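In the two complexes that follow, chain A is the common piece, with chain B as its partner first and chain C second.
On to the complex of A and B.
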């Protein structure tokens, strides 16, 4: 593991320790009040979920065409993180929606596409786990197809009402809120990079153990 | 190019000939699709009146369910007789085999749909005959989108464990846009005055989906099917 890992881990830990205070100090939103604070965790998680889906899709395409085992390990790590960050999104979103819209769930374009993306990557992990021999390739195809699917889901569900605040809300934030928001984004990106590194490292160890095991048997 | 089409044609003809001799997949799939529609009819028709706007949804659910069944069976046959390897060993372009399989699948699903559309129209009082052109375009484009993704996943799953469960698990999340576009487009056609511009929008989305996913399948079929 690279030398930068430990210092980065400490920085991320410090950021997350400070995050509740930063979020608490950020100004209150006029109409929504306290519930708006979910935004500081919800939006960074959603951003990382989508970024991670693209990391997984591109790494899978590289694996399929170049047969690079490292790309496959990166794809698996990113695929697991899509599901993890997706879980955060799926828990924090309805909590906010209940207060802001009065309902737990809405069939809105962003919600539907996030839910489907999450489901595609849960299916990806299921294939990787239960597919038996050759499941890496199957999963790879699933990730590539899933990535290509994102715009279609988005456009097709857009024709239902869109209630979700537009992403353009971020530049219009008050300075106090914007600072806290970017603080949280930095913390989450740091966490994502750490988890991705650790998971890839575990994959490398697994491959090494497998190789040694086979060498011992020969 | 000529050779490519010839191989695709031969693979399709082979599949259809095998099917015409046993009619196993055709009969079971049609029967399954009809039972599917009947289950919905029992659930959603109250006092002789079907639920409003249910017809389009039921038609597309029946297409998706019976399509999944047919996809699973077509490749199960190849696995059972160990013929997929022989097919892959053929000195031809791999994507041509994919196209042949896809065409066979489309022919089969078209037969099922010819039975399904009038049945759903009859049981759910849906005026499918109001604008036949756009209905055919929507169903053709939707079926191609569903079958293009389904064929490649079913082909890959031939060698996987628990393939029967994994096919719908993989296929449905990916083909949700097809279902949304198909249902919305068909619902637009079933209004008292058919909303053709809306149907045209959804048909265009389906065609776009087809182009992207057929291209992606042709592109990935070779690396996916290499052992």
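On to the complex of A and C.
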């Protein structure tokens, strides 16, 4: 791994250690009060779920057109992270919604399309894990389809009536909230880069192990 | 015919008045069904703190478990790689 990995890992760890204090110091929202603080972890996780879906989709498209093994490994690493950050979104969202809206879940356009996106990438990982020979191509096509779903999830709360607030909330954040939010975004993006690097590294090692096994058999 | 219409009008007025008086908030008779209030009693309101704590705890646990999972997997594959390299060198 590169020399920058360890210092970046320490910085990300420090950011995560400080994040609860930063969130606690951020002002309360007038209507929702304390429960709105879930926003500071929920939204960065959702952002990374979307970014990771794009990384997975684009890398899969590169693999499908150019047969690049490195692109396939990147796609698999990013696909795993879509599921991880999607899980965080799917758990923290209902906890927030139960208090703010009075319901754990609502089958509206935003929530349903986000759930669908998450399930597409769970299916992607299952195809990659259990699909057997040729699962890279099938999985690649699924990842491209999953990536195409991201813009619909993003704009769904702007075009359909949903309980979920529109994404225009973030640019209109008040200064106290904005600082805490971007602090958490920085921590999450740093963590994402680290996890993607390690997961890619594992993929490279696994490919090397497979190559050496074949070399030993010959 | 006129008398029947008159009786019908009188009955409608009487029943209408009874219905309206039953809906008056200042009515002295207590209602039988649910009593609406503008806000839930303080003790029954869902507290926010457990939701926030659960959300943050879940995020931390999910991330730590995933990092641990990656760590183990990386260590295992590096061990396997070193073992294979050693076997190839000794051939």
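Basically, the second predicted complex is superposed on the first by the 206 of 218 C-alpha atoms of A that agree within 3 Å, B and C clash if a C-alpha of one lies under 4 Å from a C-alpha of the other, contacts with A are read in each partner's own complex, and residues count from 1 in each chain.
The criterion applied here is as follows: contacts are C-beta pairs under 8 Å (C-beta built on N, C-alpha and C of every residue); 3 or more make two chains touch, one makes a residue touch a chain.
Everything numeric here is computed off the predicted structure, so don't read it as measured data.
By the touch criterion defined above, A:208 lies against chain C but remains apart from chain B after alignment on the C-alpha atoms of chain A. Of the two partner chains placed by superposition, only chain C is touched by A:91; chain B is not.
Judged by the touch definition given at the top, the superposed model places A:192 against neither chain B nor chain C.
Using the contact criterion defined above for the overlaid structures, shared-chain residue A:119 touches chain B, although it does not reach chain C.
Within the complex, the chain A residues that touch chain C are 20, 33-35, 37-38, 41-42, 45, 84, 87-88, 91-92, 95-96, 98-99, 191, 195, 198-199, 201-202, 205-206, 208-209, 212-213, 215-216.
Contact residues on chain C toward chain A in their complex (touch as defined above): 46, 48-49, 51-52, 54-56, 58-59, 62-63, 66-67, 70, 73-74, 77-78, 80-81, 84-85, 87-88, 91. Within the complex, the chain B residues that touch chain A are 149, 152-153, 156-157, 159-162, 165-166, 169-170, 173-174, 176-177, 180-181, 184, 205, 208-209, 212-213, 216, 220, 223-224, 227. Chain A meets chain B in the complex at residues 64-65, 116, 119-120, 123, 126-127, 130-135, 137-138, 140-142, 144-146, 148-149, 152-153, 155-157, 159.
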